[in-house]
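Below: a set of structures, written as structure tokens.
Heads up, the next two complexes both have chain A, just with different partners, chain B and then chain C.
After this line comes the complex of A and B, so read on.
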């Protein structure tokens, strides 16, 4: 039978990145320290708090090439107190910075959705920065799996 | 938690009067067990839920051997459904040799199978459903189909699920959910839903483009003077466990936040009882009440676990009603001031020789099978030993399939998926086309032949093993471990991913698997699009026809440690 290398290496699309990543040389993958450094740079060194922001992501990615994630931050979104920006990081991707969303009081709410590629099972981290200098964080592990054997 | 009482009186009575059933003649055993005994139930309140799940298109009575291993990890170790054999009997106080010992365990399986006969058959289930509706009144009973209904037989494959829809329609289910249904493809699923005339529910399926619900999530009923809401939940990992390209516009997932919103909405609509008709799997549904509140009853399927009564987690009852038509699950609820105050539950074993077939359903089964009956009954070979599938690591049917793929595709190793569907044959039985298709009937049957490196094989095994033994049930996809032909290994279920699989060894040579060397592997049920190769049912028909007589030796190629 003829199968492409991509097909041969995986039981499902989600596993393509997973399998190839494990085999070939480079790109170097990020890790928790790289992400932590990126978060520090984004937050300006303020200690991130948990609880005010919710990061949503699937427990297991259906397709590692396009994983839906969304963030919502509780905030009055007034001129005095609003969420300025939210950054999303993927700890295990070649480059941990995925996206930065910027908001203004006119946004009405600090909420955003996007899709991202995940090379392998890893933590996705979201960090929010408010106009009052507060920093919030939330984290989800997303599994990228071969699958294919469910009964 | 579990009451260790005799929950079914007739179970103890039969065993007490007959002693160990192994020496009992079939006629004597059946004379002591009656349809009325099976229907005996301490009814409560005015609402009855009947749960029928994972029949896998088995219209006729069958043998189905319960597993020898069904390991649980983390919070679920050593508790139902992760108890098998003697431990199960002891936990539920079921006498050895009794009818319940036969339906729930593999202890003395062949003897008891010969004594008590086949289980299931949709015409027998129809008799039970009709009897309970007559006893309780139509306006008190909800009959709910937990899914995995349209796949798993020769006739379901040839009719694309039409045979099952035509038969199930006669039972007038109040709602249905799905999993293997989706492997008929998006268009066919919608066509059959249109045809069947009752709600197909899914709280957790959203379209990939707009992220909007694809199906209705909740249906409301007036039963016994109470408003009942039924919310549906499809198998959350269908696009991972099965080919996503067959339903590319649908995204699944557990989505507990969506479920909580739907439960709250149902309560706001005035529902006094909220039922989740679920294809999540038993462990997922044992965790679910700890993160979603307000569900009174979860009727769970997918993992084919059969626990003789509902278990209570917080305020939520969870009933897992087995598979293959072996059982009909029943939960009665008494409601006062908008709250469930009392309940009773059971799994009714469908003893096919004891229950009178419903004539209407029997005629319909004959009708849908008629064009295929001769082919279905065609004998391919005979088995000298027991052929069964269930077990965490292997079963003799899969041993045979793994061996067949190696020989027919000239491979060094073979992979067979850890499906939990498929029936059992007793020693001495013929293997018919029907029997072969109970193991292989599905819509992506191509047997590939590929080279994998030893390192890749280890990665695949680790990945699948983590889907089975992840300590967090929300990461468990259901199913059993991928079956491997030609290779042995050691598995430590309690370890983490990457550390569970060791000592991978070529059985033929006794040499360790070399991570750097490539091995020729044959396997089936790949979830990739465009896989080429013969269909597994054709390959196996050739193979077992050539063998003539099948006799699978005991397989101890997988060593389990740390359990």
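After this line comes the complex of A and C, so read on.
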């Protein structure tokens, strides 16, 4: 089949329109604002401090389907003063929420490790809440080579 | 997924007051709800949404899980052991199924 100039033009316009439409249909990704709103809701508006919590994640994750991530909070973990929960958020995923760890004084230490999915290169945020009302935050950027959300 | 198989690693014994590390893994697809099949229909979400650990009936650790957790969810956490007893691990599926397993620990 030989394309005339007119056909070729209308075809390429169609292709461009299709591409734009395709991008719009794709999953809506969370952004930094959604994440900070989620952090606010989790912390109850308290001002987060940095330094007491360490978020460990690889600098470069080759496979976004399983990215190891671990959090450790410095805390005596006694009945009066312990870390109640730690939430992990991913700013560039379709939904920012990843997981919430709930600790008790029986945990001994406030540390946990898991594996998560990352759709693309983005910031990962961890927020900790203690029984005394303190809020800690830590953030890491993870570069992702292959995204882990299918679609 | 009907054949979710939990696997848990707990030390056989510990001294009183020792903080031990527990590793857990359960085989599960963790279908995120974001993927599409060949016809372009969204595959419905089906994940483990809660994991809990109890020691002699007292809660030790739990987590609320979102679809951003990888397939075959893996959790590593700690527990302070004051007495001999049994750890109970419970996973709750979106479809209402509950998977659980137990591990005993002795004092040195």
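The rule is short, and it goes like this: the second predicted complex is superposed on the first by the 121 of 151 C-alpha atoms of A that agree within 3 Å, B and C clash if a C-alpha of one lies under 4 Å from a C-alpha of the other, contacts with A are read in each partner's own complex, and residues count from 1 in each chain.
Everything below uses one rule, namely that contacts are C-beta pairs under 8 Å (C-beta built on N, C-alpha and C of every residue); 3 or more make two chains touch, one makes a residue touch a chain.
Note that the structure is a prediction, hence the values are computed from the model and not measured.
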Who does A:43 touch here: chain B (first), chain C (second), both, or neither?
neither
Exercise for review: Please indicate which partner A:35 is in contact with in the superposed arrangement: first for chain B, second for chain C, both, or neither.
Suggested key: neither
Output check: A:59 vs chain B and chain C. Expected answer is one of first, second, both, neither. What do you get? first
Inset, instruction - Go through the superposed model and pick first if A:100 touches only chain B, second if only chain C, both, or neither. - result: second
Tell me the contact category for A:114 with respect to chain B and chain C: first, second, both or neither.
second
**Prompt:** Taking the superposition as given, does A:145 touch the first partner, chain B, the second, chain C, both, or neither?
**Reply:** first
The intersection of the chain A residues contacting chain B with those contacting chain C is 113, 148-151
Per the touch rule, the chain A residues reaching chain B in their complex are 1-3, 7-15, 18-19, 22, 56, 58-60, 62-63, 68, 113, 121, 143, 145-151
Chain A contacts chain C in the complex at 27, 65-67, 70, 77, 90, 93-95, 97-109, 111-118, 148-151
Within their complex, chain B touches chain A through residues 179, 211, 235, 237-242, 244, 251-254, 257, 302-304, 417-421, 448-451, 455-456, 459-460, 463-464, 466-467, 474-475, 477-482, 497, 525-528, 530-533
Given the complex, residues on chain C that touch chain A span 19-20, 32, 34-36, 55, 58-71, 73-80
